[in-house]
Amino acid sequence: MVRAGILGATGYTALELIKILLRHPEVQITAVTSRQAGRPPIASVHPQLTRRLDLPLEDLDAQALAERCDVVFSCLPHSASASSVKAIADAGVRVIDLSADYRLRDTASYEQWYGDSHHDPDRVGKVPYGLPEYFAEEIRSADVVANPGCYPSSAILPLAPLLKMELIEPDDLIIDAKSGVSGAGRTPKLQTLYAECNESLSAYNIGRHRHTPEIDQVIEMISGQHVEVVFTPHLAPMDRGILTTSYARPRGHATETSILGALREFYMDKPFIRVVDHLPATKDVAMTNYCDMTVRSSRGRVVIVSCLDNLVKGASGAAVQNFNVMFGFPETTALI
Amino acid sequence: MVRAGILGATGYTALELIKILLRHPEVQITAVTSRQAGRPPIASVHPQLTRRLDLPLEDLDAQALAERCDVVFSCLPHSASASSVKAIADAGVRVIDLSADYRLRDTASYEQWYGDSHHDPDRVGKVPYGLPEYFAEEIRSADVVANPGCYPSSAILPLAPLLKMELIEPDDLIIDAKSGVSGAGRTPKLQTLYAECNESLSAYNIGRHRHTPEIDQVIEMISGQHVEVVFTPHLAPMDRGILTTSYARPRGHATETSILGALREFYMDKPFIRVVDHLPATKDVAMTNYCDMTVRSSRGRVVIVSCLDNLVKGASGAAVQNFNVMFGFPETTALI
Amino acid sequence: MVRAGILGATGYTALELIKILLRHPEVQITAVTSRQAGRPPIASVHPQLTRRLDLPLEDLDAQALAERCDVVFSCLPHSASASSVKAIADAGVRVIDLSADYRLRDTASYEQWYGDSHHDPDRVGKVPYGLPEYFAEEIRSADVVANPGCYPSSAILPLAPLLKMELIEPDDLIIDAKSGVSGAGRTPKLQTLYAECNESLSAYNIGRHRHTPEIDQVIEMISGQHVEVVFTPHLAPMDRGILTTSYARPRGHATETSILGALREFYMDKPFIRVVDHLPATKDVAMTNYCDMTVRSSRGRVVIVSCLDNLVKGASGAAVQNFNVMFGFPETTALI
Amino acid sequence: MVRAGILGATGYTALELIKILLRHPEVQITAVTSRQAGRPPIASVHPQLTRRLDLPLEDLDAQALAERCDVVFSCLPHSASASSVKAIADAGVRVIDLSADYRLRDTASYEQWYGDSHHDPDRVGKVPYGLPEYFAEEIRSADVVANPGCYPSSAILPLAPLLKMELIEPDDLIIDAKSGVSGAGRTPKLQTLYAECNESLSAYNIGRHRHTPEIDQVIEMISGQHVEVVFTPHLAPMDRGILTTSYARPRGHATETSILGALREFYMDKPFIRVVDHLPATKDVAMTNYCDMTVRSSRGRVVIVSCLDNLVKGASGAAVQNFNVMFGFPETTALI
């Protein structure tokens, strides 16, 4: 059994992660941390875990965790995460970081977009990006893995191969993404109150969302082509799911049929990517680790629709997928 | 034109009130208050009011308001409300208090349920309860009116006449009420986050909800019969609406048909009460000042279903209805 | 009083229309039609109208309606609408057609997109497009008005003036629109069941939606520039509202600030258009006749966000706005 | 491997059942039936099953199924179900019937409530009721099991033990239940359209719901006490979940604490029953086979709150739990 610890266990990402790990036959959760005083049982903040996980929320003590865990998943917010990840990784424990701290590959870009100096600059750029569909080799032997952002996963998974296969042009990419509210976290804020979000849909952070440089960077890493995407995130009145509609120009003689066929073949062996003929809905992938995608052609544009569950393939499911790769288990264990 | 001021203008109740008053041909809103610094325009906290109400949020200065208003609506929280209401009413301006502060008719009961000593004890018990279907006479000439709670309105409107007409027994009343989330206010709290409330339904405050003594008291005032209701509120995943299912025992030879007929006749002249044959849904009354109700008989029980919009007939619509009565306008002005 | 009849009164558009007309001081609804047998009261299909409109649903008899109405609103589906509109207009009664039948200005285009020959070909191309912000002059004296589609209104209102003022390029327009489910009508279908739509978001009819040629045509009529928009509609889990995110290229030296300023000035006198600085949400315009819009610049693109309530400014509110123009009432009567 | 067939595979219950069985290490789904023409792949009606279950929807041929299945789950509607269940069970294959056909223990009651003569009268009353918490012994060896209704499970699980332990009185039971919309099935109907259900809550079938005699009967079987419950179902705007609030009178000296303690001890060994101190929400049990419950005391009443996922513990999860008992697998396999 692999002993797993979870940092920042009170949010939605951690809850989803715990539920997946509880189904994993080779994992035992041995520690969950939070700044809550008095070591309350985790079920007191996540009633869903009643009778399922009987652990107290404990303070984060990197040294103590290192002794009781073989792997640590960090669900801490960015900046806070890097400090703890560094301490734990330095103590020799493998870490999957669900925060944004290790995703951008240079500290300048990190500082520009996150407004903070990095707490573990030496690892920046050396940590693999945790998209096993592309980086399984590096992930397998990594001490730290940077788990992807939810929006980036939904956009990169369809766009990167189309660019790599030279089926779309790199210089005119528009990504219009719609996310459920759980993506905004569990800290009480006016904007995420039920009576604000329900029956409402809005765009936010246009041109300023931190996932923008992440999308650019990873698409370039995979496809070898420089891109500067126009990325518009939206908040939609649902718990879960991201639907991303991307607009590109076809390259050469690419048609709807040829692009769809090439994409299907490209992903044939990836268990969590489903290239479909119909227009997928977020409900098709809710509570699963799948990313569904398809392609349409309209008036000289390629319209690419992709969707995933922001808390599963967009966060915790991907984290377990990375874990499986790192520890030599079948990639789909606990995920199908 | 009647000049109106609104205290505590940043919440949902105030927003609804403003939208109704903007349709009122005899009202001009002259002041809106809030503790926000810097006198921001009200549209900056309520984007719905853009181009509709061009007023700054100002500090609450009772004396200044008294000079600029003929009527003041208080949407302040309980306890805070009574202090301001007292100052404004003492200055000779009529007040409709949407808080709970003047609903209970003795200070001891208030202190027991609200855990606070009352800031305006002299008015307690002398202020009419703002249910114009029953207390229009007192409301007409009142300086202060206690606007009813949302749950109490939904329960009292069907139950009080049935008790008064001796069609149901007073000693065995169960009230199972389901409310939309806007009733919980606009202050950010974990419990009212979208991702907590959506796809979830729960009971809360069983046996401890502050609307319990209010229901008891007003039913007794209207029907002359002592009751101690069992009241269970629930939170349902919707913005608006309360559906209240009440269970009583029929008295004498009352049947479903006779009760329904008596209720229909009782409310024939009340413009906002609709006694219907079908089972009403909260959507039937959403955004309106109606209270729909019907009756069924099952296995020796009378099952009474009533519904209203918690922000309209349950709060701001009722407030304007009271205003119309107080200022001699047709009761339905701006409300139908 | 203007006597109004409503054809096809059982759907959502008709219900919204009736609720608005009931608030109109100069209108009396005299007839509502539907194919329902037995002349049931309209409140039996729309419980919201209980005690508000006491009319039976009657068969559509154009001649009889012409005698009892000064204006007729058709909420019939396309194709069925033109037949009835023709009969009623030929009898000398003015008609506002909420269907798509008179929007496209040539029968060939109509036949191509709607797959039907037109039942009133002589009027095609002569009926004004019912967007009073642009065509008030023609609407004023028209016998028939073609009420705009919901998606087209949301896209045309921000894009047409930007093209007309030469602030964006005409040859590269992407319109990504998200609509609530009421837009799909009230006929029971698998795709619009609650348990299919809730917690789900999807694109549909990419490149094939019938609003595409309507958008092209009206933008061209207003701006004088030929466009072929890429239009992607989405279904979002909410009752009401359309949020449209459009992507264009700036023309000349246009900047975010200059475009926003020009747009604000352009619409200064239009009571239902609110050009705002913040990113608007559908909730800001729900149940109102407003269209809110703003502009952002990102990486060489102009991102334009606009929203409206699909049943009000997108259908029935616009119809009443047209009615007001046609009959000489203030444009905002019953709408603010 | 146990070979499983599923009758009536196009609805929500069947989809949930398939998703659970796909996680079951000892099951292989070998047949799925539906009246769809042309043997379409099941993924064409359930896109969630893409790449997960590659079977065509075939016509229901009892004899052919009997040869290819070791167990059959019937998700057919009542009446239709009994005909097929009879044929398959007579052919020697074990059946779990998720319809209501075998729940009531006499044909007269069945005919009264379901308005149909029974198609397999010889088995009526001999088939165990599939609540393994109580009837595991009979289920273990049964050829046919009657899977419980969703509302009955939510009500029986807390009430039956309290009656059996003589902690509440049997002659005054009120059950106020609120269900998500998936419980109403996947056949398109006006009442279950998104735009009808969303933002709406209503009671339905008061005193006439077919689950009423099922609740009476099973409580009596378990507790030995005759009951006639007052049962009011409600439709709430959410996909999943039932929250049931029951009202009873305490018996003898029973208190909140003693009742809660007794209930907790009673269910200590049942893996899917969680007796909790807090007030549970449907979200706590969504997508799980748990039933959460607690007890409060108020003004001489015992208020009992219980909840479960109507499609899991209320239908397909319970079916797999029954399957596990019947085939000798650990009761929790594929369910935790």
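Some points to look at:
Labels A, B, C and D are assigned to the chains in the order they are written; within every chain, residues are numbered from 1.
Here, a contact is a pair of C-beta atoms (placed from the backbone, for glycine too) under 8 Å apart; a residue touches a chain by one contact, two chains touch by 3 or more.
If you're wondering where the values come from, they're calculated on a predicted model, not measured in any experiment.
Taken together, chain B and chain C share the touching chains A, D.
Using mean Cα coordinates as chain centres, the one most removed from chain C is D.
Centroids of chain B and chain D (each the mean of its C-alpha atoms) stand 39 Å apart.
Put simply, the C-alpha centre of chain A and that of chain D have 36 angstrom between them. Chain C and chain D, compared by their mean Cα positions, are separated by 45 Å.
Shown for chain D are the residues that touch two or more other chains, namely 180, 196, 198-199, 237-239, 280-281, 283. By the touch criterion stated above, chain B contacts chain A in their complex at residues 12, 180-182, 184, 186, 188-190, 192-199, 237-239. On the side of chain C, the complex with chain B involves touching residues 22-23, 47-48, 50-52, 199, 271, 274, 276, 278, 280-281, 283-285, 287-288, 290, 292, 336.
Across the complex, chain C meets chain A through its residues 174, 176, 178, 180, 196, 198-204, 206-207, 228-232, 234, 236-241, 243, 245, 247, 279-283, 286, 296-301, 303, 305, 307.
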